[in-house]
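Structures incoming, each one as structure tokens.
Both complexes shown next keep chain A, but they swap its partner, so chain B is in the first and chain C is in the second.
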Partner chain A sequence: MASAAAGSSAAVPFWRAAGMTYITYSNICASLVRSCLKEPYKSEAASREKVHFAISKWADGKPEKPTVRSDSPEE
Partner chain B sequence: MYRQAPRLLIRALDGGRGGRLIGRAFSTDVPAASVEDSAFVEAWKKVAPNLEPPKTPLSFMRPRPPTPSSIPSKLTVNFVLPYQSEISNKEVDMVIVPATTGQMGVLPGHVATIAELKPGVLSVHDGNEVTKYVVSSGFAFIHANSIADIVAVEAVPVDRIDPSLVQKGLADFTQKLSSATTDLEKAEAQIGVDVHSALNAALSG
Partner chain C sequence: MAMAAFRREGRRFLLSPISHKPSTVARSAILSEEFHPSGTRSISTQVVRNRMKSVRNIQKITKAMKMVAASKLRAVQVRTENSRGLWQPFTALLGDVPSVDVKKNVIVTITSDKGLCGGINSTSVKISKSLYKFTSGPEKETKYVVLGEKGKVQLVRDSKNSIEMTITELQKNPLNYTQVSVLADDILKNVEYDALRIIFNKFHSVVSFIPTVSTILSPEVVERESESGGKLGDLDSYEIEGSETKAEVLQNLAEFQFSCVLFNAALENACSELGARMSAMDSSSRNAGEMLDRLTLTYNRTRQASITTELIEIISGASALTG
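For the complex of A and B:
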């Protein structure tokens, strides 16, 4: 990926220069737009921001107990 | 011995095929791509006339739809979000997409383009009616046969935006931008300012 030293061809967008990926940028834009919605739509949109995932670290070739994370949008 | 034949043949042909592809005309001039690779099949039959030629990746791909010789009168638009399909196969006169290079108007017969979208207003024009959506970010793929596929992460009709929240957000992020220290904070604040000013422009424009 393009590093800060722009030896490559295109001018990188400011978020890429700051080390952010496109997906992060896109998700931030989307959550900002969602936060500016009027009321009934805003609560429907809040459900779209929830993430639910389980992480399990592996040690010595065996999985440890997974931690389940469920993040709802909170700054 | 014959087991290796397809692998060696494909490798031998790749140079020829690759070279020819580079010299090819633009997609607007090319007819629909053929499904079978005739050069490969001929070469195979010379080497192994009794064996069925194996399928090459080209035969698994659906052929590119043909570009009509005359410009169609309407543009077919597909506008999708991750959770629903806003517009599906609708024939319209024009769409204006908020590309990073500026507002881009797409008419039927537009050259094939891939455009990255910035936060802004997408307007769909059909006769006298105009439907406007605020798009957070995404991509617009315009194909040579006048079909436009627009994908966005979040898009809402303009009347669902709350103006007071937009003003408050804009003030917040402008303040954060001036007080930001690290590169990442500056980038986030800049994104906030960009999005909120685009929403502001959408409400007033």
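For the complex of A and C:
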């Protein structure tokens, strides 16, 4: 159960209000933690952050041009 | 006499090089003899030798592929078993009810990008299609999200109007949680769903991969089901810390659950793919070996027959001269 880190009494936590999902929020927190590491562990952890896939949405039975999401999220 | 035996051998079926499905196409036969009017010569040894060389090369390649798959499998298997702990608390808390009846279903099918891995992709697609039929009905809507090239190709053939998204090139880097969670985020943002059903091949052992369905409910459906009692009805007995409401918590949980289950499913499918590829390449090497044995016999027979023919010619020519 993730309690809101801000501890504010707002009905919605700040990240939800900003349009992020819980997954995005936890990913950002995780990459923050990863960047706190020292070498050599830092480069090992960086390899766990690589993202690469090609996603293409379909409309009316036809695929649109695939967008390639290839980034290693660095926050 | 030699000729009669030779003709009999010549009619033996020559086996073609292995195609991509070695277990199914074991013995496709072609006749490639040249029947001269006198029937003296048949297959030349050169043809058989070439065929043997290509079969031998294929055998080496499939053996190498099996080794590669085996070594990759060892690494991924460890990660898969560790990742099983991610979704077990969720199932303990929220249960996994595939028989839930909802209006909007999204079927997430996980397949591989590369081929030569046996039948696992076909079984996944088959189960997706039957699940589609199972969950469709009046006022209900079912959509596909396909991960992997092979599933996309198979589903495009007859269900392309129900495909919402396709994702490929997932395994370019080794699978990690960040990648899968970003993917899960993309899926969640782009589809409306009441229930997500993830179909993948669960890895039980190197020779057994069981197609499995994991169901994840959206927070609203969880609310609805918890009112009707059962496992989800106990949710209210939990205290919620912090300043969040139950709806908040359920939404966070649903998103995180999807991400975890998808991660585990992708890993299990990768394991199953490697295991299936190992066994496919293994049976392919074995078939190639058998084919080589048969070809060697044919080659020797051909060689001996041609030598016999030459001897006969020489001897009859010599006796014609002296006689």
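The rule is short, and it goes like this: the second predicted complex is superposed on the first by the 52 of 75 C-alpha atoms of A that agree within 3 Å, B and C clash if a C-alpha of one lies under 4 Å from a C-alpha of the other, contacts with A are read in each partner's own complex, and residues count from 1 in each chain.
The criterion applied here is as follows: a residue touches a chain if its C-beta (ideal position, glycine included) is under 8 Å from a C-beta of that chain, and two chains touch if they have at least 3 such contacts.
Values in this document were obtained by computation on a predicted structure and should not be read as measured data.
Once the two complexes are overlaid on the shared chain, A:15 sits against chain B while remaining clear of chain C. Look at A:48: by the touch rule set out above, it reaches both chain B and chain C. When the two structures are aligned on the shared chain, A:35 is found in touch with chain B, with no touch to chain C.
Of the two partner chains placed by superposition, chain B and chain C are both touched by A:26. The larger set of touched chain A residues comes from C, when the choice is between chain B and chain C.
Residues 13, 26-27, 30, 48 of chain A are contacted both by chain B in one complex and by chain C in the other. Against chain B, in their complex, chain A makes its touches with residues 13-15, 17-20, 25-30, 32-39, 41, 45, 48.
On the chain C side of its complex with chain A, the touching residues are 160-161, 163-170, 172-174, 176-179, 181-186, 188-190, 240-245, 248-249, 251-252, 255-256, 259.
The part of chain A that touches chain C in the complex is made up of residues 1-4, 7-13, 16, 21-24, 26-27, 30-31, 47-58, 60-63, 66, 68-69, 73. Listed in rising order, the residues of chain B touching chain A in the complex are 82-83, 100, 119, 134, 136-138, 153-154, 156, 160-162, 165-166, 169, 183-184, 186-188, 190-192, 195-196, 199.
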